[in-house]
Amino acid sequence: MNKQLLIQQPGGRGKSTARPFSGRTVGRAVMWLFLLITAILTLFPLLMTLSGSLKTGAEMMTGGSLLPAKPQFVNYVEAWKQANFARYTWNSAFVSVMATAGTLLVAAMAAYVVDRRHFPGKSLYVTTQASMMFISVGAIVLRPQFDLMVALNLNTTLWGVILILISAHSSTFFMLIGFFKAIPRELDEAAMVDGSGFIRTFFRVILPLLTPGLGVAGLFAFRHAWNEYILPLVFTMTNPQLQTLTVGLANLRYGSSAAMQIHLMMAGACLSILPMLLAYIVANKSFIQVTAGSVKG
Amino acid sequence: MHFKWKRLGENALFLSPSIILTAALGIYPLLWMLRYMFYDYAGYGDPLFVGLDNFRLLMRDGLFWESVGNTFIYAGGKLLLTLPLSLLLAVILNSKLRGGNLLRGIYFMPTIISTAVISVVFYNIFNSYNGMVNTVLMKLHLISQPIDWLGPKYAMLTVIIVAVWGAVGNYMLLFLAGLQSIPQDLYESAAIDGANAARRFWSITLPMLAPVAQMVIMLAIIASLKGYESIMLITEGGPIGKTEVMYLYLYKLLFPVSTGSPVEQQLGYGSAVGFATAVIVGAITGLYFLLSRKMNKLY
Amino acid sequence: MRKKWSSLVLCLLLIAAIAAGCSGNGNNNGNGAAANGNSEGSTATSSTETGTPVQLKYWTDDRHDQEYIKELINKFNETNEDNIQVELTVMSENYTQSVDIAFSSNQAPDVLRLKSANTAGFVKKGYLAPIDEYLTDDLKAKFGNLLIDDVNRFEGKVYSLANTGLTLRLVYNKDLFAKAGIENPPVSLQEMVDAAKQITEVGKAEGIYGFALNFKNPKQAFDRSIREILSLSGYQGLGFDLKTGQFDFAPYSQVVEYFKQMYNDGSILPGAEALDIDPLRAQFAAGKIGMYLSFSTEPGVYQDQFPTEINWGGALAPTLDGQIKGTSEIVSAGTWLGISAQSANKEAAWKFMQYMYGDEVLKTYHEKGFGIAIVPSIVEQAKDPEIGGMEGFLVGEHDSLWPASPNVTPEGSTYADAFFKYILEGGDVKAITDDLNTRYNAALSKAVEKGEVTVTPNPAFDPAKPQGE
């Protein structure tokens, strides 16, 4: 009840005391109008992408109407086959899955030790991880990272990109520490008493209990890897066949007939948005809970 | 004794992947930068030690300082639009209104989409000659002539709009989390005391939200200073450098793109610029941190 | 809650399993490539004996001729007797960056497309191998008078050979000119400004504007327009004064004034500031642009990429005062292919290069309109390309090659950025010009000091005969 009043402020405060009924209505109308306009503006680019992906090249070129005259589903086939999106999608999937799995494993192991045990240098380690999230020197790190991958002979594969993505695991690390805290220590101890070793306890007892945490953290790691642009851009510059969706799509702008292929670009954009969108619809709650949780914790 | 060594071994085993990766790909690049910022190194041949020359060049590099100014405009514009808008949405959605979950889902959606992909889309819909934004505005008779969204006058506004579009949902959610942690009985007792809605907002909601808001704003400042991916794809810093932000300028020093000023790869000078940008962002964050703590004490 | 999570994780694992299966392939490919890279280095000498083909990588950023080049390479791969296999990679705007990265990571191609804009840089960075040892007397005779210092010959060593050049012209929409009541394409800049204004007045309601250039990249825009206007007016087109051996942007600034006038008049397509060349062509093909300036690649583009129904043509660029006091510079001439210094198979690379420089290939290249032949023996044999609009671009009495101008990197903004800023925002053009002169000449003397550039002033230089007699 109180909250209901609280929300009226944007539109109808002040009036509500004099003419409670009409003030309330006007306030609600203004509020809903605001909410709807915001929602439309939020969806507008996505709807334009969708509608553009179904237009012909000529329709796209001249601007014109909001909706395609006749939906061209063939655009998707063309983007998939000719514009090489099949290849890009596999590359993106490979990078994202491997980076997610790697990030989760590396961060979970570290977080487990940090949460459960004391060891010399622990605070140094945690401080370093925390500062990795805050120091930002921009693209300059790409060069030494690239040189390192050349030395390891990993620059001709996507493993270089994957390793670099995994190396940025500090936010996952802190997220997982929160989840570890929720698992009672008695469980480890009980398992140890039963003769289970440290490693076995971690993989057999603790990790399964961490599944929800891993799911949520994985979702974020996956989103990050899937959407990453500059890192794969630089690493695949000499190997166009390794390009991910984001890079391939952006490079389409320079294709030999890019100006006539905006419709394919839009179809490609839809293809690259779709997997994340599906994940979002399935796991909407966790996205929201964790984003929200990051300020509470 | 054996037991202790075993524990240490286990610790090392579990921590080493993280430590090795962080050291090699997180810390080593920083050290690399700290070394090469004293060198003249264009990416080929032998690096030449030049002492502080790169920093002298930095001091008189008008393009860099222009990009710093643009970064402030960009970040400031983004924050001024994003924070109030997301707070407002959060306050509204905090009441259990019908369809609230759906709306929240919609507003949050942009945060899951790749900045690169949506920037390519935005470039096409903001085009002045065939972009959908102008088409729609003209159909609604809000404008009579196409607006040159990517021209020198509006390009900055356009990239800010794109940034706001991508950020509002995220901060809305963070504010929402803060709002939901405010105990309900505070409002109830205030209502009994006869405080009206406005009063309750100013004297309960805002102060109670302050700790969360402080952190949210901090995150927002860092994120808005760091962002350059979407600018790179929409305007490449142009026209005439109007949207050149410092991290984009840095990128161009390392990987010269076809457009814009730096025309040759300069790793040594780039390292100096990288260091300077990190210091600038660090200083602003630190300053904000100090100021917000002072404000807290005043309360 | 638990259940939902486990299903989600299951989902992810499934995807992981599929992707891992596929990635196995991707990974193998990758490793395979890496292994190939190694074997190129270590077993190159024995490769012909064992029968494994010699793999060559050819990189280019030319897109307009890629179908023909693909055809040529396929033919070479099938017919050559040395078991050489060439793999073509067509790069985009990132070409120079990609080459830089490739050379710093042992992935360099064996054969590279060289353009006058990037050759000097590549030589300086040590990317290229000289080809003098391969040059037979026949070849020397064929290309002899096209070996130009600082274009394809650096410090006495030859790195590339000429194939074609590009002429530059004013490209104009005849229909729009007629509609605006203008009979002929402009010969002076003032006429160009007037024509642009008239066309815009007539067409603006339909979104038609008099003039446009791909100003997203001001340097590319100016180097296809002002460069030509200047050389035909009697000045070097990139702001370099060949007589004094110094930079002098004063003539440049005069041309810029006319561009500024068009901008102030509102005769330039709105949004041109964010325009790449291809979207510009698409708009031109749609009849929305009165005129622009560009290379002799345009006819091919309007035949293949952007088929158009408008009547258009190419004409000599306008000059400062309507008088032709110089010659229109044939650009990107003198270089075509070069061999990587890192290549382990330079002999094979040369064989490929030799094939590409064969008479038949060069002749067809010209006849298909991909470039305009400048090698004398080819010019004699080749027929004029049969492409609509090409007539306006053919080499005539007002076209010639110019000596190279030094390529320097000034501190601060380039001439293109500085002048484009002036066009959009105004300012003191004299001060801008002086500042550019100072900064470019400072960079020039620094480069000369370092030994990266040599400059020989030629007080007797005659813009009407840039190559001497």
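Just so it is clear, A, B and C label the chains in written order, and each chain counts residues from 1 on its own.
Definition applied: contacts are C-beta pairs under 8 Å (C-beta built on N, C-alpha and C of every residue); 3 or more make two chains touch, one makes a residue touch a chain.
Here the structure is a predicted model, which means the values were calculated and not measured.
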Chains in simultaneous contact with chain B and chain C: A
Furthest chain, CA centroid comparison against chain A: C
Distance from the mean Cα position of chain C to that of chain B, given in whole angstrom: 37
Separation of mean Cα positions, chain C and chain A [Å, integer]: 39
Chain A and chain B, separation of their C-alpha mean positions in angstrom: 15
Interface hub residues of chain A, defined as touching at least two other chains: 61-62, 234, 253
In chain B, residues with contacts to at least two other chains: 43, 123, 129, 255
For chain C, residues that touch 2 or more chains besides their own: 93-94, 97, 104, 279
Chain B residues within the chain A interface of the complex: 7-8, 10-11, 13-15, 17-19, 21-22, 24-30, 32-33, 43, 85, 88-89, 91-92, 94-97, 103-118, 120-125, 129-132, 134-136, 165, 168-170, 173-174, 176-178, 180-181, 184, 187-188, 191, 196-198, 200-201, 205, 212, 215-216, 222, 226, 228-229, 232-233, 246-247, 250-251, 254-255, 267, 270-271, 273-275, 277-278, 281-282, 285
Contact set on chain C toward chain B in their complex: 93-94, 96-97, 100, 103-104, 121, 125-126, 207, 215-220, 269-271, 273-274, 279, 283, 288, 409, 411-414, 417, 420-421, 424-425
Chain A to chain C touching residues, read off their complex: 61-62, 90-91, 93-94, 97-98, 100-101, 146-147, 150, 153, 155-159, 211-212, 214-215, 218, 222, 234, 237-242, 251, 253-260, 282-283
Partner chain C, residues of chain B touching it in the complex: 43-45, 57, 60-63, 123, 127-129, 146, 148-152, 155, 235-236, 238-241, 255-261, 263-265
Contact set on chain C toward chain A in their complex: 1-2, 5-6, 8-9, 11-12, 15-16, 18-20, 22-23, 26-27, 29-31, 33-34, 37, 63-64, 66, 89, 91-94, 97-98, 101-102, 104-107, 276, 278-279, 281-282, 286, 305-306
